[in-house]
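Going in written order, the chains are labelled A, B and C, and every chain counts its residues from 1.
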Amino acid sequence: MKPAFFQHPSALVESAAIGAGTRIWAFAHVLKGARVGRHCNIGDHCFIEGGARVGDNVTVKNGVALWDGVVVGDNAFVGPFAVFTNDLAPRSPRFPAAARRYQSKGWLSRTVVAEGVSIGANATIRCGLRIGSFAMIAAGAVITRDVPAYALMVGVPARQMGWVCQCGARLAVDDKGKASCPTCRLRYEARGHRLFSRRAPAARITPTKKRRSAPGSTG
Amino acid sequence: MKPAFFQHPSALVESAAIGAGTRIWAFAHVLKGARVGRHCNIGDHCFIEGGARVGDNVTVKNGVALWDGVVVGDNAFVGPFAVFTNDLAPRSPRFPAAARRYQSKGWLSRTVVAEGVSIGANATIRCGLRIGSFAMIAAGAVITRDVPAYALMVGVPARQMGWVCQCGARLAVDDKGKASCPTCRLRYEARGHRLFSRRAPAARITPTKKRRSAPGSTG
Amino acid sequence: MKPAFFQHPSALVESAAIGAGTRIWAFAHVLKGARVGRHCNIGDHCFIEGGARVGDNVTVKNGVALWDGVVVGDNAFVGPFAVFTNDLAPRSPRFPAAARRYQSKGWLSRTVVAEGVSIGANATIRCGLRIGSFAMIAAGAVITRDVPAYALMVGVPARQMGWVCQCGARLAVDDKGKASCPTCRLRYEARGHRLFSRRAPAARITPTKKRRSAPGSTG
């Protein structure tokens, strides 16, 4: 039976857990044990390791490596050459004095990219942390701690510069802690240092039909 | 007829608009609709998308992706793993709540790299801006605004640290706003916060003969 | 005779100087004249240029390019998408006004990564400098000057934030300039602004037997 996903002739796909409608582009490599959901786009020169998990409707742009321990939620965008990690104090496992560290998986530190997050081009994501849903990480930022949902993070180390809507537009939170998206009208309210959407989360929206895209298109 | 450009056997070249004397190296991918000029060098693992345009005599080092909306002028140098963007507020186009944003090309934000610019290794170039001719961007810098011609830009976000000559040497501008390159003797003068060359622009220099380079050489 | 190293079927290996037990993974490219030691792991999409030298027991994660002029010592770890350079003021060698600069190798600036160093993911290493043995460079850091042995370097530009042991653990140096690793008990003493191990250097440790690793494992 023909698989329900598309694989560029030059891509290497060793995993059987690729969802229907997903496209995997040139020179990408998906290892055995990696799990990729439905309707994803995995760009040229990507690498998805066994143990990595990618949700549905995710866009992974070119040159991204997703390691064992990295989980990417539904509807997320991972920008080109964004770099993940999974070891907070790496040494070469071939270095005799470090070999003991790598005999078990105790060295492995996980990263959660929640649903709808956007990670900017060439951003660096230190491991052992969680990026909250719909957060937006600027291009070139270095993330060194947990990121709240809807936060816009910029710089090295990244600091929060504001809030963004599920649709990506900037939000202005008023002095009563309310915000309304100027683009899509979705409304939010702040409680403490966190922002919440005032309607059902986007993950419950009925998915639209499968979207076609040209090979290598930015989307 | 044999094409007048060189293509490594492992490279994928789907564009017909590649200039004579250009070399495209291993595991690179040039999409249909991309335009690359003459006597360029496109390094291993590069990606050039439909809609991207590259001038003549350009060196693009390894691992660079040039998107739709990115224009690179003649004689430019794009360092290894420099990262471009073309969307200021990206979301996954597969995310239902963002699908409307990607129905037209309104999301696309352009980048112009003018002639003779050097972009350092692993630099990040935010989109919607112009890098002026012969500017030099340091390795690891993040460019977040327009860059004047001949400016040396360093850091995150990048700030101007000085001026450079067309040949790449640092320039010292005196208190009368004059500078003379210690290496190639080209002279400059400042007007306001801009620097101008006092002879005909380099683009009018008669090109030298086609240059040979070994496969994968740094050049 | 079958070579004593492993090469993924999609890798391109043009060098004859690859040590026994080394593994070279998918879409990697090792040029003629590159030298790689024994028991190394070279990740997917790596590029090793003629003139680059890699010691024994080195782990080079995905997407790293090692240029002519880059020397990586025994037991080092080079994180994913760490970026090296070898030209402090690059211009396109195809740009006629810069062609003279590239007629000899005078432009080439070397980088030494000493034994046991760890370079973090997406770090940028400016050329013309030395990273001292067992130093640890944080993910996303930009190295712009020489780094002392055992130093922990963080940020852009990178600054020293502390000391690390050969095994990777953080060290606390007391007011007498002594430190003892909480993990492996190795002892150190400071003299001036430098730290020294109080036993024979790790390079003299007898190497353990060749280590097996699954294809594409993080190690």
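By definition in this document, a residue touches a chain if its C-beta (ideal position, glycine included) is under 8 Å from a C-beta of that chain, and two chains touch if they have at least 3 such contacts.
Note that the coordinates shown come from a computational prediction; the quantities given were computed from them, not determined experimentally.
At the chain B-chain C interface, residue numbers used by both copies make up under half of all numbers present, so the two copies contact each other through mostly different positions.
Note: Cα superposition of chain A onto chain C, rotation of 120 degrees, nearest 5.
In whole angstrom, the spacing between the mean C-alpha positions of chain B and chain C is 28.
Shared interface positions of chain B, defined as residues touching 2 or more other chains, are 27, 45, 63, 81, 122, 156. Looking at the complex, you find that chain C touches chain A at residues 10, 26-27, 39-41, 44-45, 56-59, 61-63, 74-77, 79-81, 116, 118, 120-122, 136, 139-140, 155-156, 164, 166-170, 184, 202, 205-208, 211, 213-219. On chain B, the positions that touch chain A within their shared complex are 12, 27, 29, 31, 45, 47, 49-50, 63, 65, 67-68, 81, 83-87, 89-99, 101-102, 108, 122, 124, 126, 142, 156-157.
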